[in-house]
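The first chain written gets the first letter, and so on, giving A, B, C and D; residue counts start at 1 in each chain.
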């Protein structure tokens, strides 16, 4: 193989065809409320880590539903479990337990 | 000489929900009402729909209830207006069935036409076999065979097809498509529970009572996946599946998915059939072709032309309840107008 | 008084001997196991406590009060207290007196441990002595006491409400058999002693019974069968004991010794926790106490059932129950035994927690908020002047009314203070600890400690009880006073640094769980509020106050279920028709506000409104 | 796929193409990469069809690459193009045909700009006069050379010696048609068939007997993208774009890629070599060879019986021999690397992962 000094870069696109939904469905069985998120961003806005880390619960939920588990788990690792997101969620999602379930279910990987 | 109400004629052009509702209201006030419908049955677009959002009421039931008693309304289907003359007082309306009516007032309830989805070439309606419209899907729900539907495992709904799109000349929101898409997404999940259903939306405009609940149900009960991003292009792959591109704007990443069925939520376009009438009577229209009411707040049913009134989607996209309310309002306006004559 | 039989033995004692031997061996093994399972540090503490005479006195006092007299239940529900102490103390006295009698009259029989129990069978009365009658009287008296307790216990099964209990524990089969045994033991003993009273003598209870029976029965025929029955019941009861709620009888004393040694829960099913859960008497006091019990479906999450499931190692259901718990601590507060179930549940959460990787590297990007770092007051305070660092915490960010009011009070009082997390900060760590993730919380504690030390403050002021508890218990901030704003404002008032006017408004104070039961702060907020209005009490208050429902303690409770708890808690607060509810916790404030028919205010807000 | 639906759309994007009398402007890059293509074009239209296509030796580059690389302002290109028009006026022609798609796009853009902003056109008149004392008038018709190939497609098929049919199987060859972005994406109405389903090459391929492959990434850029390739730091991006196209067309096993743009031709061709040499992967119907990429002129000439080596097909990276064999084209293997008069051009080094003969 020749090194030209550049090469084919991996796609940044979300390819839903390659997304195995089993894990996400398991999460949805355990936390049906994960489906209720309407991406308002209240959780991310009030998060005490905002501005200090890339933790964004809205994105965590979204990315898990798009097959980007690694990114989501990296975000979750910054969570302090303080529960502010739980208080501000307009759809009443139990965000704290959702985060715990995410770590539990995706840990099996 | 004082004329009785019965001696006064009102001609209503367009036998959809607005026309039907207004004709009954005016009939109840004693006027002689002529209801003209181009198609071979009353009901307009409502007649083609299977169930209605947000509660899934069968459209046939609604229409049946509306047309159950038409009173003394003289209604003609498969009939068009061939000639329209403004008289000193009122209008002379000549119909394709040969009838000529001297109308004291004219009500336009000409509604809308469904946006021609093939104009959005990148979605391939009419080219790719598995791309259908919301109306096609309603046909399928009503039991009319639509071969494209097949037995899909992955289904996509594209919101805002022909709406909020300056390129096709429709800058406005068609109002009903979001709710229709969510309704249809739930309905198709009822038919194919194992299918994965995506809704590609720009904004979800769930403004009406019960709409938000419908949205919540679509998410939680039916697991419909909402992707905020407009589908940019559709292609067919080797096996005839649809390869769809959109941006997942909430994650800021391009998104690719292969689907077995794509439903385009065609919006409302103005009804071109009303153009000759508008020209004859010199009625004002807006840049998108819809008729322009005298004042959108205080005289929404009035035109700039004496004795000509509007109701329903001829002045812009409306939901069914809005259309019905406008029809009843127009009947009242016409009544006031005729009493002053 | 002398031996009736040379052998001093009869076959009927066998069931008792077998049962007693079994339970003694079982207990010995159990105690050894518990001690073995203790972490090395705790084990050391335990052994050290055994040679500490001061602790001996405390242990003795606690055992007498809690195990025998049930003073805690007495305080809460006298009738129920009488029921428990009559059986426990009465029975204990019967055993003690039996031994005293044996020691006095047939001292050489003391070596057989069944003899004192069946004393009346083995002796015959040779002459009446004052001493003998006295003991006979005492024996009959305590038997009567026990019998009265048993009678109440039977009655309680049918009509628990009379005892102030809306719900009682539902018993399992072994429990029920043991319960019937317990119910039968003392009436049968009465019968046995009555039939034997002609030979062995008796007192005001047994003698009349003997005469009564002799009118229509040949008492001698019934002596042996009734003693057999008595012994069999005792034996059965002892054998069943480890599998029933009555295991608390022997375990509780051990628990007291362990607790007084300063041991804390470290594993949900090992060591100290075993002593805890076996000490649970299944009395069911925790059922009514639990704020979740407003909904019938939540009954199964009551602590008593949790303890029972944990004894059986039903991990799945235990976990569910532990995750549901609000950690309000009320079940611990009302528990007659003082089972520390919150910490057992917490440690279970920790045990079952997924080993998720945590990355708190970003903590280094936090600093003291701009104002705290640069304001002129951040200069070294003058000698003797305290420098206050106010940490609002995450939740207070959602209730700015609190931090604003706290600031106003401090400014008015002329206090030298800084706002540690005006621009947001690191969580205190308590929410993670509540979720059983103590290890992860340690990073927060370390980073916050560093920030606080950096500030040079002498006092750390907190408005959030959740933070307050963790700062008090888990932080090492020697030299820095940690104080809740209710306490601090009380101090300011008493020092005259702020003066208040009484508006006459009728106020009710809600004790936040973490502040009241958690940190025992009750009187300070009340004292201050009493000065600004007419303070009334809720129906349940202090230790028995009801959680607002917003607690971060529960992991799984849905917001719909939380709402039920909130409504229940509000009903309780509105008992004396107050005009306003005052609380001292941002979470309570946020939880109550949307649903309360009466205005809900924060403590500091009320102070600001009534400050001169 | 509904062909009738496509026809309906094509019918909406038709343009008038004059049959004769054109002023021809070359492509600066194509003259160097594939000079045979333009030579063949002129030979076909002039000598085979007897049309009048004038080429002025004084005409220059249009400046399109510099413009799209953000190195010259639009006015520069406008003035250059105005000079081309002036040359056309001078030669007495009213129709202008360009060989390059970027150039075609730029011409279209400039004409459209002038139409919307006459003041800019006036300024260019002034600039041109200052620069070289010339006047100009705009052409009546602006065409791209592929428009001409499309226009003459039936003339070509009449003279076809080797239609796009696999002589071994009798099946039509599977042809990927790639349209340069600047042909129709900027002004769909100035194209044949529009931007979504362009007709210009599809019509030619059909007329020559081939079948068009419609693959999902057909709309995608070839990867050139000017700055993307020209700035080396971005070059991976250019390559990745091309790679995406090849991945998308792979399941169809195409025999040939036909393009109308010199840049696309070059990049679709050369990047196959780079992909092969960096990832070991080759595409197409003939394993190990890749997919030949030819311009519409080259394909037309090949079909009409021009000798492949006279056409300069050896200038392409991907070997055309498998295609020639499928078409049944007679050719002399030994002439491949011989220049004019049998001059030995030398044999290129053989790449490791893509076969060149």
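Basically, a residue touches a chain if its C-beta (ideal position, glycine included) is under 8 Å from a C-beta of that chain, and two chains touch if they have at least 3 such contacts.
The model shown is predicted, which means the values in this text are computed figures rather than measured ones.
Novice: Which chain has the mean of its C-alpha atoms lying nearest to the mean of all protein C-alpha atoms shown?
Specialist: Of the chains present, the most centrally placed is A.
Novice: Quick one: which chain's Cα centre is the longest way from subunit A's?
Specialist: Centroid comparison gives D as the farthest chain from subunit A.
Novice: Distance from the CA centroid of subunit B to that of subunit D, rounded to the nearest Å?
Specialist: From the centre of subunit B to the centre of subunit D is 46 Å.
Novice: So what's the Cα centroid distance for subunit B and subunit C, whole Å?
Specialist: Once rounded, the distance between the two centres reads 67 Å.
Novice: In angstrom, rounded to a whole number, how far apart do the mean CA points of subunit A and subunit B lie?
Specialist: Going by mean C-alpha positions, subunit A sits 39 Å from subunit B.
Novice: Let me make sure I understand the interfaces: which chain pairs count as touching?
Specialist: Between chains, contact exists in these pairs: A-B, A-C, A-D, B-D.
Novice: Flag every residue of subunit A that touches subunit D in the complex, lowest number first.
Specialist: Residues 1-9, 11 of subunit A touch subunit D in their complex.
Novice: Mind pulling up the subunit A residues that touch subunit C in the complex?
Specialist: Touch residues, subunit A against subunit C: 46, 48-53, 74, 76-78, 80-84, 86-88, 92, 94, 96-97, 100, 103-104, 107.
Novice: Tell me, which parts of subunit B touch subunit A in their complex?
Specialist: 196, 198, 204, 215-216, 219-220, 223, 225, 228, 248, 250-251, 253-258
Novice: Which bits of subunit D are touching subunit B when the two form their complex?
Specialist: 1-2, 5-6, 8-9, 194, 196-197, 214-219, 251-252
Novice: Which subunit A residues qualify as touching subunit B in the complex?
Specialist: Subunit A reaches subunit B through residues 12-17, 21, 28, 32-33, 35-39, 58-59, 62-63, 65-66, 68, 91.
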